Amino acid sequence: MTRPTHPIRSDIAWSTADQISVFGRDLPTEILGQVNLGDMGFLEITGRLPTPHESRMFNAMAVCLVEHGITPSAIAARMTYAGAPESMQAAVAAGLCGLGSVFVGSIETCARLLREGLPDPNMQTDLNALAQQLVTQCREAKQIVPGIGHPLHKPIDPRTPRLFEIARETGFAGPYVALVQALAIAAQAATGKTLPVNATGAIAALCCEMGFDWKICRGIGVMARAVGLVGHILEESRQPIAQEIWFRTEDEASAHRRPKSG
Amino acid sequence: MTRPTHPIRSDIAWSTADQISVFGRDLPTEILGQVNLGDMGFLEITGRLPTPHESRMFNAMAVCLVEHGITPSAIAARMTYAGAPESMQAAVAAGLCGLGSVFVGSIETCARLLREGLPDPNMQTDLNALAQQLVTQCREAKQIVPGIGHPLHKPIDPRTPRLFEIARETGFAGPYVALVQALAIAAQAATGKTLPVNATGAIAALCCEMGFDWKICRGIGVMARAVGLVGHILEESRQPIAQEIWFRTEDEASAHRRPKSG
Amino acid sequence: MTRPTHPIRSDIAWSTADQISVFGRDLPTEILGQVNLGDMGFLEITGRLPTPHESRMFNAMAVCLVEHGITPSAIAARMTYAGAPESMQAAVAAGLCGLGSVFVGSIETCARLLREGLPDPNMQTDLNALAQQLVTQCREAKQIVPGIGHPLHKPIDPRTPRLFEIARETGFAGPYVALVQALAIAAQAATGKTLPVNATGAIAALCCEMGFDWKICRGIGVMARAVGLVGHILEESRQPIAQEIWFRTEDEASAHRRPKSG
Amino acid sequence: MTRPTHPIRSDIAWSTADQISVFGRDLPTEILGQVNLGDMGFLEITGRLPTPHESRMFNAMAVCLVEHGITPSAIAARMTYAGAPESMQAAVAAGLCGLGSVFVGSIETCARLLREGLPDPNMQTDLNALAQQLVTQCREAKQIVPGIGHPLHKPIDPRTPRLFEIARETGFAGPYVALVQALAIAAQAATGKTLPVNATGAIAALCCEMGFDWKICRGIGVMARAVGLVGHILEESRQPIAQEIWFRTEDEASAHRRPKSG
């Protein structure tokens, strides 16, 4: 084989007998006891530790995505735990596998729309006109406007005003927060429906405010939901529901096929 | 079918049009902006928010497990991302699947040994005698003493003294911390090897100090490592190594079989 | 670093520009068009192609494990697909994660019991006495006798007599098939319950007859169920049920917590 | 809650105390011992059993995708097994997670291109002209022509002529097989490169010949690779390579950061 060899290199961490360094910081003395788990997530995403304001905002965004009660992810994790209780990690993994285009994807799509609509946050722009243009663009492409509207939380998503309040307190209530709000108003005007900014739209705007690449949004959802799925698996171990869901589903799903005397 | 129906019940969270409640707390007003991601993990595990001391200790334990550089989990996640870059969540899931008996398992095994050795932390006990007894018990069962010794970090694991320092500052340096240290001394005396308390042993002892069930230890490792794997996938997206590892491995693995002129 | 390097070697397959060899056979000319997918599974497990009798028996064992209607695995796969329809492979993966100790594990446990009870199939033994001894051993260890009894399929599991009929036709109805049947009789005598050999017990016995290591049984279940899960995901894509299961579960699970006017 | 309830229904299988039916066939008497694992995959995808010609063709397509030696999927599975040897199913799952757009996706993309280019296989068309048009279309969209070219297998992919030979023997060498070959010729003419039809292009064409939806192609790859990954995990359990890959990668990846005396 004459294939040239390329170097293998990672800049995340290194260890020696008496040292462990993570993103250039000594893990025992510069990280442990000084940063919380959300800050560590910020460090993994940006390569640096957050300022106090960034820490408060980022932790609020991640915490917001941890728990939503019984979701498809939580059901998948609980079903998996029922079959393999010795492999809790695989149950969390099964739950994470479904965080794709339908759920976490809306953060990604919304962040991309906002960022591509307003590539430079310092540019003076008529945000209402831009929002109308983005709504028109979505509607012409026959796509829903991402980050807007919620099947249950009407007329507002209660997480959104609180996230934007924290944004004002920490200095992150900038043009993307204004743009996503203008987007909701423009979408409501165009459709006549009640379409508040939902939590994923709010988090998408805040990711843009913090300067994150839109591709990173999914990662925040994944780390947050892993935390929540551990809670669901613990509850399943103490107060199981997977078997009952399974039995009821199996009974009903094939009832039309099963012989009557069965 | 005459199968009786059992109720389906979860006490983690509920939502209405204008409210979201998690473990009995209003998510927008009582959680967002007030707790960090580690505290949210504590809430998922215990059903209550941590005290400031608990928050500092628990976050340090979780943060300690986030990042270890290039691990088998990180390689699995990067290999998966190389094949399915549109499914970052599945790459994190693949990385988590390997957090089983070999790696995270040692926390679990150590916590169980400590807890079963000392079921009541308030009981007056000769910890040195107990440690010797536990070491003897492991050796007679031909099992290694869990939480002790490290292939790289010698003569001490640099994370351990720092975790125990934080434990002293937060009031968690109790009998289980003393017991795991006595265990290391007893194991060194019995084997003649250098066997420091490693980070998994330290975290196991701290889980016991915090009153956690030993079954919960794996969950802390799983939520922490999900955070770290997101970082590895981001680096892989910018500075890939998976393909080079694959090509080198494939070349070498089948070289002995491949015809020489191939 | 002075760590010695160990060789990396795999004997499964190799490729050159014009050749692909799998377990020593030329893939295009010696495998494609000549062997079926079950035979390929046999090749992966044993390193050789099956005889016609082995092919028929092994394919029947694998086929028997492909499909069981709505199982926890199928529900986990469908939930995952609902969130990430662009990643069908991750939905199959989520479904496989639950094939642990509770379901596929019973094949493994039963095969191990049979093999450790009768290490040499050619040894003359009183199988009824051995079966009684194994049942006593399980009961003293407060374990259920694996491979025996079924919650739904009574008084017999309809798959078992058919698998044993194929075993007679192919020459695999040997001492392990006799032993698992004696085990069922001994267990019924000891408990007074109706405890037929179930499909996992039958397959466990047949794995022993074919000379497979008991650790391999789980692999047969995993490859078979991957085939079935693809079918469930295709049905979910055309006739979805995941969302309805989710909504019903969420409604009921938190009804006791939700305010009445919610 | 006033949400209307929708029925939950699956038509794949049903069971009673003495019967198990899969796609309308009695599992014990009409399936076991009569169909092989590939036929069972065909049944899961189409809802009917294959004819002998379909069985031979489909099994060849699936078998072709089972094994490719050391791939990123195999490495991910082996890494996972090294950490959680008690959860072989999770190791297979980790390996499957990477069967996304990069590898199995090319079958899907190619099948879609062929099917959308020639929606009705009975239509008289100038396939060379159509192929040139499809190549132009790909090049204008700055996309590679899928199913064509291979980094290693040059000037031909040895699997392709054999798959097409089986197609001729079984009556599946129709217009899509001709079109994918015309596509390769048109792509070579347009680029001046050596671009044979590769195995994924051949399988994509054969999926079209068999009347499969292009969305189903990924499922064939997933079921096939699950079979192969079981083989890799068994080899890893006997002749491990994961730890050596890990150690070498870790050493090299962070060497530039680690202090020299470390």
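Each chain gets a letter, A, B, C and D, in the order it is written, and its residues are counted from 1.
The rule is simple: a residue touches a chain if its C-beta (ideal position, glycine included) is under 8 Å from a C-beta of that chain, and two chains touch if they have at least 3 such contacts.
The structure presented is a predicted model; accordingly, all values stated were derived computationally and were not measured.
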Intersection of the contact lists for chain B and chain C: A, D
Which of A-D and A-C has more C-beta contact pairs: A-C
Distance between chain centroids, defined by C-alpha means - chain A, chain B (Å): 23
Distance from the mean Cα position of chain C to that of chain A, given in whole angstrom: 36
Computed distance of Cα centres, chain D from chain A, in Å: 31
Sequence positions of chain B contacting 2 or more other chains: 7-11, 13-17, 19, 69-70, 84, 86-87, 89-90, 93-94, 97-100, 241, 245, 249, 253-254
List of chain D residues in touch with chain C within their complex: 1, 3, 5-20, 22, 27-29, 31-33, 35-41, 43-45, 55-56, 59-60, 62-64, 66-70, 87-90, 92-94, 96-100, 104, 152-154, 156, 158-159, 161-163, 165-166, 169, 215-216, 218-224, 226-228, 230-235, 237, 239, 241, 244-245, 247-248, 251
For the chain A and chain C complex, residues of the former touching the latter: 69-73, 75-76, 79-87, 90-91, 93-95, 97-103, 241-243, 245-246, 249-250, 253-254
Sites on chain C touched by chain B in the complex: 7-11, 13-17, 19, 21, 84, 86-87, 89-90, 93-94, 97, 249, 252-254, 256-259, 262
